[in-house]
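Each of the two complexes below includes chain A, the first together with chain B, the second together with chain C.
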Partner chain A sequence: MNDTSPLFGRTLRTGTLTFTFGSTLPHSRQPAFGELVRVPAGAGQVYGVVYDVLTQDDPFVRQVIAASDQLEAEKIADMRERRQSPVEITALAVAYREGGHVYQRIPPRPPATLEPVYGCDDEEVREVLQGWDSFRTILNHAQCPAEELLAACIRHAARCQPAERRRQFLVEAGRELTRQLSADPLRLDAILRRLGGDQF
Partner chain B sequence: MNDFLDNDSFLEDLRADVVAADQSRRLGVVVAGSLSRGLEVRLDRDQRLEDLAVGRYVTIAAGDRIFFGMITDVSLDSTNPAFEKTPPDFSNEFFRQVHMGTSTFGRIHVSPMLVLHRESEADDWNAQPVKTIPGHYSSVCTATAEEVGYVFGREGEGRDADGRRAHYFHIGEPLDMENVKITLNLDRFVERSSAVFGKSGTGKTFLSRLLLAGIIQNKVAVNLVFDMHNEYGWEGTAEHAPSVKGLKQLFPGEVTIFTLDDESSRRRESRPDYTVTISPQDIEPEDVQMLAGIIGLTEPQVGAMYALARRFGKGWLQKFLDDDFIDAEWDGLKGMAEELGQPQQTLAALRRRLDRFRRYDFITDKGEGNSVERILEMLQANRHVVLEFGRYGSDLGAYLLVANYLTRRIHERYVHLTERAFGEKSAEPTNLVITIEEAHKFLEPAVASHTIFGTIARELRKYHVTLLIVDQRPSGIDPEVMSQVGTRVTLALDSEEDIRAVFMGVSGASELRQVLARLDSREQALVLGHAVPMPVVVRTRRYDQNFWAEMGWNDRAALPERGRQSSAELRGERPRRLE
Partner chain C sequence: MLELQKLLTTIETMSEELAHQSRAHREQTARAQEVLRAFAQVDDALLDKVERAADLDPSWRGARPVGERLDEHHAPEAPDHDASLIAVDGSQIYPDRHGMALYYLINTGGIVLRQGTGQAPLTFTRPQVFFREKDLFNEAEELIDSQTVNNLREMAELEELARLVAEERAYWQGDLDRRVVAMMDGPLLLWVSEREYEQSSHAHRRLQEYLACLDAIRAAGGLLVGYVDRPRSANVLRLLHVAELELMAIDKETLRATRYRGLSDRFLFDWLRPQERSALFASTSRINRRDFAPAGHEIYFFYLNVAQADGPDDANIVRVDVPAWVAAQPETLDLVQQAVYRDCRGTGYPYVLARAHELAVVTQQERRQFEQMLATQLMRRGRWPYTSTKAYLKSLL
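Coming up: the complex of A and B.
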């Protein structure tokens, strides 16, 4: 957790389970599906996993599309950059920090509106996602594609491990899933398939 | 941790290992079980079932106790039956790594055998019977060599758990441990009747000879061996070598060879010290009765035998088989039958049956004197006696007759000596161990109740005589006798019946049965009972050059010299006579 972390945007809407923030960053610098983000909430910090990125249309975009068949590349780039409404990014709250401790639970209070939302560096990701308690929070969330999200989140966490530990990290995560999902082999299989392989 | 610091350092290590979760010996954790059925242990992920084997020892530290157990079964399990019905994609290495040992895993069944416990730090650890089991998730580790050594007793002289003097004799190694000697408490081995079982060719004779060598070397008893196949005294035969040393070669000064067939013994250069003969005058109906099954005597014929003995007293047999005598006295068998009140056919049939005794050259008056007395003299002088049967070994009738004849009289003397000692230990005779091969012939239910061997087995060590039963068919032995057999050393057995018989009256038998059923067909034995603290599977110690050397046999050249010397000594010296 440090102040040099990239600022992704500010909260638009928040709730106990999820929070949505608006981002005006260019497409390439927006947080990815499954990535961990941090937002202050009172004296602590709330951590969320990004699961939905929504780019709304706006009157200007509609006009342009309606008016001309042929769009110059320059114009498209310009319009993407200077949008009238921000991209809406929603994250699932999986953990919070309070008094120096990280708890992998639903935060007691959601962040307020207009709080800054930051990205996390590798060390922070390792700290927040160690132990596997957030697996259940993700799997239990009905509004997101939980299997895809969990797989993406684990891959993200693996990428934040030192290179030589990455594979072992995936195997250990897989084993923990196997333990938690022994009653649902099909679901387990779906997630493991999205984890497997050496490309993550 | 600290309250375990004491001098038994390996036990401390063990505890420390478990407490500090030293993973190197850890196999898994206890997940279920009961005292009567044993413990279920879930294997840790990295344990390969392929590396485990039934019969291996494990220790489980729980609270202030250390449980000692044996693996008695190995199985596969999974957290969800679906993993068995639709296995994950194991062609994918990642899947394999994730699933193996997690959703699918191995488990072992452990029979707790005994528990090491002590009252306080100041006390010694002692081994006690298991009365409870370790709790859930106790760690299960492979036992170390030291632990096994501690439980079985270090080779050599020592004290047993009750503080009694004990001679621990190395009988083999655990199946999967290097350099660990499993020992047997010889004093307890001879204290009650013991047995070596196993189908033919498994190593019964080799192991029995090894045990006898242990008894001789440690002087825990004096032996009388009925050496049916001439394998114990002098050079025995072996499948793997031209010949093996007999007991007399190992202990020339302490073993005396008697023979029933002088010619055969000499041909084999076994240099027998005495030739055993039985005077026909001395044979009693009781000596013959136990052959009933073998030579086909009917009830009436046995009855007639007793009638003859009553009528003629000593020498009844001789007279009965003597045609001239019968003709002279009664004018033929008819007259004799009338006087005895026995049917003539019964007598005629009995004569035909008993006629075979004429072919036994050892039944003669022209012997070197009273053989029973000779044997007793030797035993009393703490000389071990091996009786070679020579060619009679292949005649079951002769073997049973002689063994029964001699044993009845020797036992009688031991009863007498014991009673005369009036309970004064020093005056009582040295324990006598009588080794019989083909033991079921002496101990089958039909005869065990009224033969001397059944009596000896049943009366325990009251008169200082016990049996070493060597047999390939334990199911043929009277269950009542079987239940009195203190130590059972069992090599591989094929038949279910025989396996069941071996476990007569043993608790936890169903699990041990699994172990026994999986012994190699040679040189592996399950030892259980009086002389070992817990059932144990061993690769039997080899009866070979090394063993002979350890028993004091030096080299080929020196041997004949020593043998001659001792024979001369033996003949020159008249051992102290009895009474």
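Coming up: the complex of A and C.
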């Protein structure tokens, strides 16, 4: 856990299973789908996996878009970075930290509103996602594209491993998926296909 | 409660009369356009008539032509230059004697958009709350009225604009080649009633402060613009009426007997093509002649078609006010014309003004939140916040 981690935004709405935060960061610095984020909750921390990024519109944006062929770069930057219509990012709570220990379970209580939401460094990702208990939390969540999210989360965790361990990490994740989804080969296949390729 | 069924007949009558009026206005406009062409050449005889009208009736709000032709129309030929566009707007909460506390609030919002840099614009808001007795009561110990708050807001806007222009000039390290266009929403001429002017020292102070801000903007090389959307002014139509009169026939009575009553100049200029401006005129209003002109800030105006599509039905004619020192150089006037037109592209209204308004506006929800925070703090200090019975009952409806 690093206090110099990037601040992505602040919580707008929170619940036991998910929390939504507003971000005014430029598009390129927003957390990616499947990325792990951290938010303080009481004396501990709640960890979530980003699964929805929603950019709101309003009548003014629609009016400006009508002139899209003539839109100047400064106005695009203004719309994206300055206007009070933050991007809403929702994360699925998969773990929490309490008393120095990380638990891969639904947190006992959600974060409050306006709490800062930070990114996690590689070490923190490795610590929080070690073991595979969060797989089940993601697979069981009905409101998110679970197969896509789990594959993105595993790829994110793999990127946070030392280079020489990445391939082994993916193999171990695949084995664990095979064990957990032994009764659902179609779903297993969908996830494994999304883990393939050199660009994880 | 508005019982709409009781208004059905009125709505029918109203729509019929408005449609009739609209047809009549079209005919009057066509005639006014003929007169504009007939008296297009500006000569001494026309200027003498304007002078006589303004002298005989100082309240006559006509137009003095600045150029050589009334039917001039001009679109800049030089390519667009990038400029810094600055806009400021303001909003307010008026003092409410039925509220939990007497106060008023002025919120100014501003934006600095640097064309050609690709950077996100700079934006800011500046809320100010006034709650002390010296701020709330006038010389007669009466609670200040909404017009006074409007005046204070207007001054706050112009002061912010002057500050931003100076900062922007400093950002470009004093480089005068970088044009800085400072935009206000509305006319540039300050509104001061004659009664106020004659009786109130406040009015004189306000006027001096306003002119000092114009001095500051000019000194920092700012190009000041007042943008008037859907103008209802009829200064040029009054000029046409005067043009048709014999010099010696001009008196207070004939000045008022205009055949163009109910029309606006913007219809007179609906033939302007996109990006074209009309001829330049000076407002003949008393405050312009008496106060602004001697201070070096006589206000000129022109009409501009900010539409993208060609044709009278698509024309979007707006009025643009500029001080004489902005209009003095044709290339500067062209730059202002281009900057305004460019910023209206797609939105039909300057983007920076729309954003300044968005930054400045205080919504009802924000007002409620502010008053809830105030109520909490009052309770902590042992004062129970309560509104008047009338306000309370209204809140239940």
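Keep in mind that, in the parts below, the second predicted complex is superposed on the first by the 194 of 200 C-alpha atoms of A that agree within 3 Å, B and C clash if a C-alpha of one lies under 4 Å from a C-alpha of the other, contacts with A are read in each partner's own complex, and residues count from 1 in each chain.
FYI, a contact is a pair of C-beta atoms (placed from the backbone, for glycine too) under 8 Å apart; a residue touches a chain by one contact, two chains touch by 3 or more.
The model shown is predicted, which means the values in this text are computed figures rather than measured ones.
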Touch test for A:82: chain B only (first), chain C only (second), both, or neither? second
So, A:64: does it touch chain B (first), chain C (second), both, or neither? second
Should A:74 be classified as contacting the first partner (chain B), the second (chain C), both, or neither? second
Regarding the shared-chain residue A:196, is it in contact with chain B (first), chain C (second), both, or neither? first
I'd like to know which partner A:36 touches here: chain B for first, chain C for second, both or neither. neither
Mind sorting out which residues of chain A both chain B and chain C touch, each in its own complex? none
Chain C-facing residues of chain A, complex: 60, 63-64, 66-68, 70-75, 77-78, 80-84
Contact residues on chain A for chain B in the complex? 170-171, 174-175, 177-179, 182-183, 185, 188-189, 192, 195-197
Any idea which chain B residues touch chain A in the complex? 45, 79-80, 82-83, 86, 88, 92, 94-95, 97-99, 102-103
Interface with chain A, chain C side, in the complex: residues 111, 113-115, 117-121, 123, 345-347, 351, 354-355, 358
